[in-house]
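Here chain A shows up in two complexes: once beside chain B, once beside chain C.
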Partner chain A sequence: MTQGSARVVAADTATPAPRSVWRRAWSSGGIGYGFVLPAMVIYLAVILFPVLQGFRFAFTDWNGLNRQINYVGLANFSRMFGDMQVRSAVGTTLIIAGALVVIKVTLGLLLALIVDRNLKSKHYLRLVFFMPVVLTPIIVSYMWKYMFSNDGTLNTLLNLFGIEGLRWLGDPTLALVSVIIVTSWQSVGLSMVIYLAGLQAIPPELHEAATIDGASTLQRSWYVTLPMLAPATTVCVVIAMIQGLRFFDQIFALTRGGPGYATETLSTMIYRISFQFGEFSYGAAVAVVFSLIVAVIVLPVMYFLRKQEVAVG
Partner chain B sequence: MTSSKENQSTPATAQISRRAVVGAAAAFGLTGGLLGRAGNAYAQSFKGELKILCDAAKRSALQSAVDKFGKLNPDLTIRLNAASVDQLMATVRMQLSSGTAPDVLPVWPGSGVPLSVHQIAPGGFLANLSDQPFAANTPAFARDVIEVGGKLYWFANQPSVIGPIANMRVMKKVGITQQPRTWTEFLATCQKLKDAGVVPLALGTSTQWITQLITYALVATTVYADNSQFPEQMKAGKATFTGSGWEEALTKYMELNQRGFFNPNPNGTSFEESQKMVASEKAAMVVHTAGTVAGLIAAAGHSDFVMWPLPGRDNAAQTRVPVGITNGYGVAESSKNKDAAKAFLRFNNQTEIQEDWARITRVPVFGMPPEKTDPIYVEVMRYVNEGKGALYMDNKWPNPRVQEAHFVGITDLLAGKAKVTDVLGRMDIAYKAA
Partner chain C sequence: MANSRYTPRTFALEVAMVLGSICFIFPIYLLVAISFKERQAWSRQPMSLPLDPYLGNFKRAWSEAYLGDALIASIVVVVGSLIILTAVGALAAYFLARCKPRLGYVLYVLFLLAMLLPFQLGLLPLYQMMNTMHLLGKPYSLILFYCGYQLPFTIFLYTGYIRALPESYEQAAKIDGANEFQIFRHIIFPMLRPVTGTVLILNCVFIWNDFMTPLLYLQGSSWATVPVAVAAFVDQEITDWGIVFAALLIGMAPVLLLFTILQRRMMEGFAGGLKA
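So, the complex of A and B:
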């Protein structure tokens, strides 16, 4: 006891020993930065640096090969505003994004409500509806391309009912509908899972209380279920919107933007300008404007939906 | 050896003169023969690694050459990779600019696509091959789309032709024995096939590059029979697509569509589907390039096919055939094994290897004697050898946007969303945008 007290006194009165840099870093949480550092380096090299380079190239005349890169100011941007194909691609992109949001939110919620019921087959149905999500978009697209072909599954089915086969990918309007069908088919399972998680997080007591208060099934759905699903809706809408705006793989595999420019989106257009025409600087300029369009659309929507969530909460 | 007189008198995009083609053939035969005998020219053994990238359609032919070259160079590791043309166009430029291009890479003639020699050679990305023996074989008719500033940067060994490829088994069943020699005869042939319940012409324009083939087959006659200097006049600003024989060609293309001579829904039909239709005898003909014949034969299981010139007018003497140079191979300036890469191209120039190329790809090679020409091409090559060829139109276009405007224009025409004058107007705008 005495010895112990003496040691404590000695420790208190002694001058503190200088701590090593490593020890100080450890105690101030610096080791955390150490763990993050490799990921940060990769992020900077693979994501941030190319993004900044792309932004720089938008103001140059770089064609992918010229060693002497000249700055051309806003020339690429002014060219873009007179380019009818860019306007057409913006329109198509917005149509696809809008359609995807509506379809994914509506169908996703509907499917979630179905598989949330106490059905015997609910686990099987969940698996079936979610399975397309884990498939590679290119493989899905080629599978559907076969189904859309002249003698494909869909036209064969129509013929069985005496209906003439449709020009699924050959007609400009139908081609746009076809690519929306394929993407919706593949991604609606994700919305279903998000909504299902939301449904299962609703405390049963809320429904019980509403029932005691005399609320009908419809009223419970409207006043309890839907408001409680607001966070899930935010996630679904934002994901669908971003997916719709940057839609590329399925279009590239199904139509390559055709027939004509009927299914050309900004993503396929950027690819075509940059890699098929070798006009990298112009492609970069379109990409910069595309990023701004995505931000201008998605950020206010996110803000609005989050505000709704807070109001519900 | 091609005479200097021929070199000067034969414009690159003009009608191809018989002397130019025969001269090129003779030159090739002479050089190839010499090379063929000079077996010890390959006695030098190379080491290290040689990376070769090629168009998927030519993989088999190149693999055969790689195997043989590899046996002569056991210490050389050769890596052959193949990709679709679209993938090549998208990636090789980046590889060149970043110094990571393969040693041997595919190169296209002219300036119309991203990997055209006139687009990539001026930046110093390709090694100068002017001192190689095959430089002497450069066909005079295509000299200015193959060479850049009088220098050779790639090994161009195969011509290509475009025309209707007829499944002769279908033709015989329907009772068609005569080759149509005028536009009216061609329409009558198509009508007879249609009446017999066969699709006269398979067309798969959902594969973009297919859209251009019928136009080219017609333009060879409707433009070049009258005016072999058309590309030069366009370059000088003295001619436009609008108001030229292009209008006649596109109008006739659409006449085939209006008469119901194509399969339903060409814009929703792929190249592969169109080929399958001809192979399975659902369709009688398809207007494709020589490069697609090997696939057609493989799908059909027989080689009872013939390629004819597509008669664009009612005067058979005016009929011309589009002829071009298919993609060949260059050596990257950044290559660390440049000598081996050049030796590989020289090796491909040997008579034996050239015959392998012709046999495997079912595409003629320069200098192939007529008796060795594949029977499928005898008729069409007769036109070429008689000087009735017109160089592929896009070879002299200033940028890839003209071709794109043509591709999209054709699909718009087939969808009824544009008029011929609209499409030609767009092509003129794209041409001037260079």
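So, the complex of A and C:
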């Protein structure tokens, strides 16, 4: 109301201030381009230019040092298809991303449903489960490295039940499981708060209406709560997926890609190829393929989930 | 569901959840307990309470991991990046929200695209660029990186918020003779306080915790940030967990402190900010 009347007043009384031609050219919709200029400069210099350069390097033989840069066409890419380590890294990355999506969505939703109830300790529980989210991943990973060590906490607990200790970080499969455990522990609280915000945005009338129509608790959860949580699910899935695809810190601290190359992800691989072996152009080619994988997976999933949201709304 | 009755079943759930939360947080307890114990003490009884706290681990970790320098480096990088991000981001978002619709949309999509562009692709050329400009090993390189990397997200949050603000305040100020920058500085920016809080919290936590880029840019220099300094130290000392955990605890302390002060605000920021 006040907004509308103010606009009317403004239109009535304000005579357009005289402006020079230069000033008019320097602005859009009454706002000077100067406002967006710093952001554009940073954007071009730090994001767009390097990304385009990276794309270009993928087709060269540049090693980061040589002056003469030769274009080698698709040589880096054809080399990649024969490279078993790249294939294994793609597989590992996809496994981690998939596991994180499933674990974070289910556990996050479960936790949110519980701490949304009228528990006396709900504020305490929310704090505890959320707290690891803000901690430094590399520090958290080193902390868990002790828990996973051969005479660490997990094996001590297993021994207590008469089970022989496991080589958590020494066995290829278990190492992958361990890395996923650490990350889930640290980030399940994020899914929880996102779902919690989603739950609290559901108008209580919907539940009342469903109850009056004779829906059971289970039916209400399935037909009212879950569909209303579609936007929260989109966010949780996309965040978990991107986190899983860009996985680096936990691997660096816990396994360094080992045992062998069992836990090497695309991120750790790009790092190793480019900065430890100095093969910039090959690393750039892996990064191009990596970007394509991310786009091919994330964009359709986002599109699909958004469509679900519209169908509900 | 929130107003349903408190039944014995609710109580049972409550007890189970509290026990579960204790197991969940046990690693943190262990971190504190072990960091206050001497070597023989933690290797014999790692899980007991440190009734006779031993501070030697902290002294050694503090001096040998150069954690004092690392804290200063981290603070410089975080504060520098946050100031630039907030200023540049809010200014640009104001333009995007209020300029001619079609131009605003094109620029908005351009910035959004950057959120999907994989930074791994730009990682190598950017590293090379920093190297050519002799910025490696200095905090400016990291500040520059974060200003670019977190800018699209910052603009995204600000633009959404400014679009929802009524334009009448600006028009009133214009009638009173304020220029564009004065309007932004005295009318718009103060109204952005809630979203500025979210921007600061999310960017602060992200920048403070980031590891890969500071590892590349600052490793081995006197400007190593906390995660890099801790990682370098831990890799040497991996046999004595008492000292390692002391270093980890010191490295964690600033974020934990921030979280204790801002708990609610932080949870809301993460839930709302990332949803946008």
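Note that in this section the second predicted complex is superposed on the first by the 285 of 313 C-alpha atoms of A that agree within 3 Å, B and C clash if a C-alpha of one lies under 4 Å from a C-alpha of the other, contacts with A are read in each partner's own complex, and residues count from 1 in each chain.
The working rule: a contact is a pair of C-beta atoms (placed from the backbone, for glycine too) under 8 Å apart; a residue touches a chain by one contact, two chains touch by 3 or more.
The structure displayed is predicted, hence computed values, not measured ones.
Once the two complexes are overlaid on the shared chain, A:Thr255 sits against chain B while remaining clear of chain C.
Of the two partner chains placed around the shared chain by superposition, neither chain B nor chain C is touched by A:Ile103. Look at A:Gln276: by the touch rule set out above, it reaches chain B but stays clear of chain C. In the superposition on chain A, A:Leu135 contacts chain C only, with no contact to chain B. Looking at the shared chain after the overlay, A:Gly64 reaches both chain B and chain C.
When the two complexes are overlaid on their common chain A, residue A:Ala287 makes contact with chain C while staying clear of chain B. In the superposition on chain A, contact is made by A:Arg167 with chain B only, not with chain C.
Contacts of A:Ala45 after superposition: chain C is touched, whereas chain B is not reached.
Comparing chain B with chain C, more residues of chain A are touched by C. When both complexes are aligned on chain A by C-alpha atoms, chain A residues 64, 271, 275 touch chain B in the first and chain C in the second. Within the complex formed with chain B, the residues of chain A that make contact are 64-67, 148-150, 165, 167-172, 175, 255-256, 258-261, 271-272, 275-278. Across the complex, chain C is touched by residues 2-3, 6-7, 10, 13-14, 27-33, 35-36, 38-40, 42-43, 45-51, 53-55, 57, 64, 114-121, 124-131, 133-139, 142-147, 153, 156, 185, 190, 193-194, 196-197, 204, 207, 231-232, 235, 239, 246, 248-249, 252-253, 266-267, 270-271, 274-275, 280, 283-284, 287-288, 290-291, 294-295, 298-299 of chain A. Every residue of chain B that touches chain A in the complex is listed here, in rising order: 86, 89-91, 93-94, 96-97, 114, 119-120, 123, 125, 205-206, 208, 263-270, 273, 399-401, 404, 408, 411-412, 414-415, 417-418. Contact residues of chain C toward chain A in the complex are 1-4, 6, 10, 13-14, 17-18, 21, 24-25, 27-28, 30-31, 34, 46-47, 88-89, 91-92, 94-96, 98-101, 103-104, 107, 110-111, 114, 116-129, 144-145, 147-149, 151-152, 155, 166-168, 171-172, 174-175, 180, 184, 205, 208-209, 211-212, 216, 226-227, 230-231, 234, 238, 241, 244-245, 248, 251-252, 255-256, 258-259, 263, 266-268, 270-272, 274-275.
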